[in-house]
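Chain IDs A, B, C and D follow the sequence of writing; residue 1 opens each chain.
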Amino acid sequence: MTHAAATVDQMRPPYPAERGLDVYNTKLGMWVFLASEVMFFAALIGTYIILRFGAPGEWAKPGIVLNIKITAFNTFLLICSSVSMVKAYAAIQDGDPKKMRFWLLLTILGGATFVGIQVYEYIHLIEHGFVPSGVREGSELAELVAKGQLPAATMGLYGSTFFTMTGFHGFHVTCGVISMTYLYLTKALPGKYTKQSYGGIETVGLYWHFVDLVWIILFTIVYLI
Amino acid sequence: METAHKRPNYILIWVYLAVLTAAELALAFKLPISPNIKLLLLLFLAIWKAALVGLFFMHLKFERWNLRIMAIIPLPLAVIFILAGMSEHIW
Amino acid sequence: MTTVAATAHPAPAHHDDRSFIRKYVFSTDHKIIGIQFLFVSLFFLLVGGLLAMQMRWQLGFPGKPMPGGGVLPETMAPGGVILPEYYIQLVTMHGTFMVFFAIMPLLVGVYANFLIPLKIGTHDMAFPRINMWSFWSFFAAGLVMLASLFVPDGAARAGWTMYAPLSARHDLSGASFGQEMWSVSIILVGLSSILGSLNYITTIINNRAPGMTWFRLPLSVWSLFITAILGLLALPVLSGAAIMLLFDQIIGTHFFDPAAGGQALLWQHLFWFFGHPEVYILILPAMGMVSDIIANGSRKPIFGYHSMVFAIVAIAFLGWIVWGHHMFMSGMNPTLGSSFMVSTLVIAVPSAVKTFNWMGTMWRGNLRFTVPMLNAVAFVAMFVIGGLSGIFMAATPVDMFIHDTYFIVAHLHYVLFGGSLFALFAAIPYWYPKMFGRLMHEGWGKVHFWLTFIFYNLVFFPMHILGMAGHMRRIYDPTQYAFLQPYQPMNEFISISAFLLFATQIIFFVNFWWSLKRGKPSGLNPWQDNGLEWTLPSPAPHGNWERVPTVYRGPYEFSSPQVPEDYLPQTRRLPSDREPAAASAARH
Amino acid sequence: MHWWLPLKGSTFAGEVDGLFLAITIITGIAFVLVEVGLIWFVVKYRQRPGRKAFYTHGSTRAEVIWTAIPAVTMVALGLISNHYWVRIKGRNSVPPNAYPIAIHAKQFEWQVTYPGPDGKLGTSDDFTVRNQLHVPVGRPIVVRLTSEDVIHSFFVPVFRVKQDAVPGMDINAWFQATVPGTYELGCAELCGLGHYRMRAQVFVQSQEDYDAWTKQAAQEASS
């Protein structure tokens, strides 16, 4: 194994503080990556805000189009999984790998359920006629648009932005679930995380909390406002 | 990297987040107030929740400034972009 | 905090038992990845050049059959005569290849990978495997883009800036699959750059050798660091925009389609919000490497090291708030135009500081005109023209006339060819020995330099005059316009010079290949430089150092009175030097 | 063939050209300074055996000077440019008495709608002509630009005026022609494969000629 590969899983910075940030490489790398993720979501969310701000007429009513109740539950679920993630992190810091495995598994389950519910929500929405291009002809929503309960001019924009933003968030959650599962199977189960070495848990945790944070913003601006 | 800082009470943060989410829902669908105030309050609550996650779950509260900068740098850029894009529609 | 454990890894150098595939194909060695980037992006440079030649043929000799054009299919050039729809594909793909697949990977992909670990004194990148993925996603992006030239309906047709709604709606552009492949390819390029950037940033922050403080970093590393930050934050915006464009194209969303409430200008804001930092991604590394080469060639410390660093930082910071200057005529809010004009003009200040500091470096030097030095000096001379012509378009009333004319084409080529490419013609022979252990041929290098310098100016300087006549960009046949007909001889002149310029590049490519096997062996330090990389054998071995070196001074101690020679390597310990505090831990 | 800018055909062409000249002089000085300096250094300080370069890390005074001079110049240039910009393209720049003409751009033609005898757009006496822009000399004209499909750009080199026509937006650009004659209007923004032939004739006429043409064209359009 090369030197560099060996340092990757180190919980220590490669060099003393005066030569770096006093943060080990993977953690620093994850923070740097998250900075770029912020810009990615800024592009998507910014697009949404700008389109909505300059929209021709009234914005679509989320309360009618979407199923807020189920998404509110999903939001709660994601918050819970963030807490379980941080509990896993606290457990391994205390040197309790068993408790860590329990909380990590709970996080994975929470994340997977979130994705499952989101897929269900998508199917439900598409059945009702809410699609990325707006409203499907001849569907339930199309009737509401015809009756004037939903604005025809902005449904297309709402569909575009809604599915793109929530879809990419869902994609990020899926990536998080996959990487946590991978870490669970290859590192947590074989007992490779210890009180001294838990970099993977901390790093994937940062990612997971970031995904949760993005959802908090998305839930408010897409579903509630 | 031992935990030099006092560990926050994660369950308490969780309760906070849950209560704030419930408050958001109530605000959005139950309270009869003007849409503009609602918008501001909802954004405020969302930022509050996001800040809780960032500060406690992602431990930004306990990191050094040079790492916090990493998280902060993109934010003004995003704000500049959104404001410029919005200004198209107010002239 | 002690770090003995972290630094005491066995050094892997000199017993290399990796298989061929692990060593040269799916390599995680930063130097091999750099070389992979070099070969692939030189190929794309050639492709971009070939596309430009076809454009120049059409502009110089509109409607005449192109020599050798008979090999092109009927859908592009029946009987060798270029069709308008093929011409706009050429325009689009020339820009796309040169920006995303030639200049950017040549500067960042090649030299960030190759130089950063060598110059800061570490064994490899912080995340070697992510680094490998960065190359392979770039490679996949390149293949997709190249393949798009050959699909039915041809490649993307909306210019490299892909202004919506032309790009978003196939019924308006006439392209279909090619347009979608462009979006996919750009998403992959974005991924590649993000992965690369996070690696460079982490490596530079965390993995510097003992004594390598921030203000002892060579300017090349400083500029690559700032470039990586720009790339990290700008490319995700492009990827996001390209994703939305792709969705508009394939799943019928309406982001950029005004017919359904979308906004055409939104694409421009997104694109240029990425695009202007991108412009600095394309020039900052060139500036950094030229600084290294000019100091070396002048045998003098760089003039005003700190202000050079602050100028890089200032350019990068201002680069985020000037994007609107690409949109002065787009119907953007004119008040916003005023603020963008001021920020754009202000960016001339750090650029001027850099130019004067390069001149200050040469002042009272002892100038050695090696091929890298010649090209580096040409960089300064040409970048000045590109920088100064930028002031014209920054002034909004003047931009009203010259926007989207050949004046812009001249300006951007003075920066990207005269700037970035001359810097590469300096950097490639300069670090060639460390890559391949041999020097490139000096005589042919000089022939290539002089011919390129002459033909390059003959091609691009007259374009200013075309622009002042109002010659629009991206038009297939300028003779359509009566007011442009008198300028046709100038278009012919430019085209012939362009063909000669292209032919001259063959010298470079032949020299490059020939020297791989036949070049003069270079030895450790052919340019008598101070950098850490020159303490290693050429080519540098896998893992770089047996033991991480210790740094005692900055990289530009040329002609120091402390030693009789005119250079003083960063690792050489003089009796007066103190051991850096961090070194005691690393030494054991 | 000119080696300098084309004919000044509008009221602000002189201002634009003046600014162009001013920037040419400013940048010309910087250009000569740098290039002559470079050549001088290249010749004077070329390598000679036995010589060692002058060892210096820079001079704060010199750097302050060459930071301050460009900074002051650029800020001044920005203020001057902004003065003209506000007058030409600013929010309230369109003269109130400007004569309105609507131009609808589409792949690949310019549909020019004239207000007819009443001088107002949107009334029944409007008429549309393809690819011909007739304007009376010496009178401010406001062009209302719209686009059917993609982004086009209205560009008349002799007027020094350029403005994109963006689908979904309604953009006003104004100018006042000063020299009667026939000129060309081109599309300056890549708009598809016919971009290069998206051109129109511009006729700057005296008011009488313009009125006569309007009468005739309105008849032709209605018949």
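Operating definition for what follows: a residue touches a chain if its C-beta (ideal position, glycine included) is under 8 Å from a C-beta of that chain, and two chains touch if they have at least 3 such contacts.
The structure displayed is predicted, hence computed values, not measured ones.
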{"item": "Selected interface, B-C versus C-D, where C-beta contact pairs are more numerous", "value": "C-D"}
{"item": "Mean-CA-position distance for chain D and chain C (Å)", "value": "31"}
{"item": "Gap in Å, rounded to a whole number, between the CA centres of chain C and chain B", "value": "38"}
{"item": "Distance from chain B to chain A - Cα centre to Cα centre, in angstrom", "value": "15"}
{"item": "Centre-of-Cα separation between chain D and chain A, whole angstrom", "value": "47"}
{"item": "Shared interface positions of chain B, touching two or more other chains", "value": "73-74, 77, 81, 85, 88, 91"}
{"item": "Per-residue multi-chain contacts in chain A, two or more chains", "value": "12, 21-24, 28, 32, 35-36, 39, 42-43, 46, 50, 54"}
{"item": "Shared interface positions of chain C, touching two or more other chains", "value": "233, 237, 262-263, 265-266, 269, 334-335"}
{"item": "Chain pairs in mutual contact under the definition given at the outset", "value": "A-B, A-C, B-C, C-D"}
{"item": "Chain B-facing residues of chain C, complex", "value": "229, 233, 237, 263, 265-266, 269, 273, 320-321, 324, 332-336"}
{"item": "Contacting residues of chain B [partner chain C, same complex]", "value": "73-74, 77, 80-81, 84-85, 87-88, 90-91"}
{"item": "Chain C-facing residues of chain D, complex", "value": "1-6, 12, 15-16, 19-20, 23-24, 26-27, 30-31, 34-35, 37-38, 41-42, 45-48, 51-59, 62-63, 66-67, 70-71, 74-75, 77-78, 81-82, 84-86, 88-91, 107, 149-151, 153, 155, 157, 160-164, 166-169, 171, 183-184, 186-197, 199"}
{"item": "Chain A to chain C touching residues, read off their complex", "value": "2-8, 10, 12-26, 28-29, 32-33, 35-37, 39-44, 46-47, 50-51, 54-56, 131-134, 153-154, 156-157, 159-161, 163-164, 168"}
{"item": "Partner chain B, residues of chain A touching it in the complex", "value": "11-12, 21-24, 28, 31-32, 34-36, 38-39, 42-43, 45-46, 49-50, 53-54, 63, 68, 72, 75-76, 79-80, 82-83, 85-87, 90, 93, 205-206, 209-210, 212-213, 216-217, 219-221, 224-225"}
